[in-house]
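Two complexes come next, and they have one chain in common, chain A, joined by chain B in the first and chain C in the second.
== the complex of A and B ==
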């Protein structure tokens, strides 16, 4: 007789079904929605993808990078250069830009991985600044004052906006789905083990260094994709906007609010961030102070974040990555009715 | 010999924590390691498991030089270890802790890892805790988890670092019974322990170290009667 392991509950299946419906409804938005909604969605998508990558790095890999904007900006600039200088369709340039960012992360990791803890954080920030200063000296992409994306000029505004929106939706769905499938897989176990104890993970047969490098490269890919997407939508790029440390600051905020080291974290955090931004940003400096204060309070008193809080209130994980061993006599410790997915 | 340690040394700056230590362990045997606090027992484990690299000397496992291998490679080669201070994967369940060890240490498929994990949980008395977060366990159960997780990597050589420390007398007796069962299955063990009578009930040989050096090695009773050991370890005048 083999072990019976439960991987999802009725509740989590309902969440998944709800998500599918939401995506289908969202996909039809260009047919009935306003163009400002689409622009807002694209912007928050970029924040969400960026935050999800930061969550992978810091929340799972223990790599608290403050320099992911290096790959975000690089993605943006590669897309722009391909579009403006080489005539590549900017939408097609998005995955290429992401791949270039991933490729660039390999040599960068050689440098960054020599540093640990706080030194790693500051080091990655310095590397991002090097990226910013280097790009600011390339006159072909506008130097220090930046330039506009001209490659999309021939396309009508409504086609451009709806295409950008669909591409953003596809990027978000793909990112969330890939991260989710990955975390549920065997490799996901290794990543969670590294999150909890690097020393023990290594001694249990997990190649920690390789795993961290893989996460770093994947995060660079995601950040590059977010950057390319952002500037396809924004149409104007400058080194300060592309490589600003604000990107990482907001990502940290989003992840902290939603819950670090849990997959729902960035998704919930991004929604909260969007709402705060929409309804409170008129308060200017006070708004930003408020964000900072909120992040500090969450970090000190609500480490599980809103994601953890919601999971506890619901009594099941919305996006379960856990493996629950079905024990003979004892009723399974889940409030929601379990669905047995696999039997050996 | 399953494990052959030849003249290994390790220093941190001018502090020599392991000086020219050699010993070997036969397949199926249990070697007990004794020594005062700070004698370098845990360092010795770290050198064997690869958490710390040797400065000089050679460690061979199953006829293969493992001195240059990383800890995860040594684990896959068959060296499993527990930590003196338990290092559970705290946010993962007890079951998942074992599944992880089986997947990556024993390198079996996930399905096979589920079965292995369940079996080991039953064997180590942790089945009732299977779905609890490992970080929420009591000390006794954390120590059990250290042992169970090390077993899930399917080790040929098991390194146990003070797993009886801090346990009550009946708890320690239970643990010894468990270790005897593991030994009977043919697993070779090296056990660092201050609870001498627990150690004596299982060990085939004893190794005593002091200031990073080998002080004595041999049959348990003979080692315990060694005047140097009595002086250094028990604080007795010989």
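== the complex of A and C ==
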């Protein structure tokens, strides 16, 4: 009896093709769209990238961080310092800021990894607070009240807005593609094995600690990129805005709505979050309260999230990262076959 | 110098009350309550609401508040938090984080963002002389004594009573404890009820000593957490000492610059994490 490993289906290929078309259409938006659409897209892109990184940490690496805003804020401030103080083009400063955040995550991980489970979460929060309070003491970047990004002053508004938009689109596509390719690679398989069972993964020779560190560094890179991008678009930064725990709160909400531990989760969650923000944010405290309640309800009763629900209804994974072992010689429709999930 | 030390220790007394509940819940069921700080703030607001109904006395308000807190804690654990327990810490973290957001916004809606405090009458102005020119306020001293009593009480409860034995049993191995006839759902709920009483007491004192406002919760959580980790997990005396270390550190930081107190406390916490990752008096590991 033969066996084949299924890594994509006709449906998932269609989703991928649809995504490519959507990106091409989106890329032309500055030619026909309104500038408010571009601003909204940039903002939601930052939330999406941040949420994807949180999903990678909590959903795959088992690290429920409440302190990723440390790297978000750091990315923003590094971009601002490079632009305002050293004359670097802010758009070029985005990848540099992300790299600095990734570099900073190495010593930070030495501290944070000394704590496990829930205490890891609060420990990362303390570290983010230390970042916030420390930067509030640096007067060169405006101290506690913050400062404005002056490096983009010479550029006209429309050029600035469409460039920011294209950079944001590139960042989102790159992040989704990177996470997708990574999860489909051998290392990604190892990470999914860790998600399913740390002990079993370790017993199969996976270096769990090394893998977790890698995920932590990648997540710091992504969060730093999101932060730099956000403040290029926002033009004004302050320690409270850059290092606020709200970023993590929204990331948790986005991921729990879309489905944790699945790549399409944050994408779907971010779309829902955008829609809710647009139509309900006038309700202020009640809206925030509702988001908190929704996160609780999703966690207790719908752990698979909207992404998992959609995948189940469609009958295939939209962005498959699993390797499904199919027994039997002739290829038949996937659903009717006995499938064994490859857990390695 | 002596002044800073004494003020720091008295502040530590308050932090000890903040952190005992966190330590208790983590110790018994490995549950990290991210809403700990918001519970404290909610306790403070509850005391502020109750006080006028009982003639303004903080003592009577406390007598009404604490049994209510016990009941609320029990129901919260039975109705909600028990569902989140398991090997994976994620559900309990996300649920308590969600609770934190819900409580903050609910308090903001009901009480607005301005800080409130609890009228204490002569309690807040009174002071005691400790010989020489050292004078301490009656209220901070009362808080310190309450923290000491709570620590001794919890230690005795865990070491000497059947309930304490049940707490330790479910903490060590839930399934075996259940086989021995321990109803773990009930025991967990009692642990949270007890923790909530301590939290409400901490909130009452916080409202008496300074102010409470809806956005204060997260910072109080961090203080509670730092006390637990500095002291070492699994030991109430460790938590007590950790709170003292944090209180003194912050007071020393305040001495340098009024804006540095909290920051200095964080740095001392990180230093302890580097030098003694299991805290000063470790007993159990995460």
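Note that in this section the second predicted complex is superposed on the first by the 326 of 344 C-alpha atoms of A that agree within 3 Å, B and C clash if a C-alpha of one lies under 4 Å from a C-alpha of the other, contacts with A are read in each partner's own complex, and residues count from 1 in each chain.
Here, a contact is a pair of C-beta atoms (placed from the backbone, for glycine too) under 8 Å apart; a residue touches a chain by one contact, two chains touch by 3 or more.
As the structure is a prediction and not an experimental result, all values here were calculated from the model.
Student: Which partner does A:17 reach: the first (chain B), the second (chain C), both, or neither?
Tutor: Neither partner.
Student: Can A:201 be said to touch chain B (first), chain C (second), both, or neither?
Tutor: A:201 sits against chain B, while chain C stays out of touch.
Student: Considering only touches as defined above, state whether A:121 meets chain B (first), chain C (second), both or neither.
Tutor: In the superposition, A:121 touches chain C alone.
Student: Touch test for A:275: chain B only (first), chain C only (second), both, or neither?
Tutor: In the superposed model, A:275 contacts neither chain B nor chain C.
Student: A:111 in the overlay: touching chain B, chain C, both, or neither? Say first, second, both or neither.
Tutor: In the superposition, A:111 touches chain C alone.
Student: Looking at the overlay, what does A:295 touch: chain B (first), chain C (second), both, or neither?
Tutor: Only chain C is touched by A:295; chain B is not.
Student: Touch test for A:178: chain B only (first), chain C only (second), both, or neither?
Tutor: Neither: A:178 stays clear of chain B and chain C.
Student: Could you look at A:5 and tell me whether it touches chain B, chain C, both or neither (first, second, both, neither)?
Tutor: Once the two structures are laid over each other on A, A:5 reaches chain B alone.
Student: Pick out the shared contact residues on chain A: the ones touching chain B in one complex and chain C in the other.
Tutor: In chain A, nothing is touched by chain B and also by chain C.
Student: Under the definition above, what is the set of chain A residues touching chain C in their complex?
Tutor: 58, 62, 64, 66, 111, 114-119, 121-123, 125-127, 129-130, 133-134, 136-137, 144, 245, 249, 252, 256, 260, 285-286, 288-289, 291-293, 295-296, 299-300, 303
Student: Please name which positions on chain B make contact with chain A in the complex.
Tutor: Those in contact with chain A are residues 49, 51, 70-73, 75-76, 81, 83, 87-93, 95-97, 99-101, 103-107, 110-111, 114-115, 117-118, 121, 127-128, 130-131, 134-135, 149, 153.
Student: Tell me, which parts of chain A touch chain B in their complex?
Tutor: Result: residues 2-3, 5, 186, 189-190, 192-193, 195-197, 199-209, 261, 322-325, 327, 330, 332-333, 342, 344 of chain A touch chain B.
Student: For the complex, give me every residue of chain C touching chain A.
Tutor: Spelled out, the residues of chain C in touch with chain A are 26, 30-32, 34, 80, 83-84, 88-95, 97-102, 104-106, 108-109, 218, 221-222, 225-226, 228-229, 233, 259, 262-263, 266-267, 269-270, 273-274, 277, 286.
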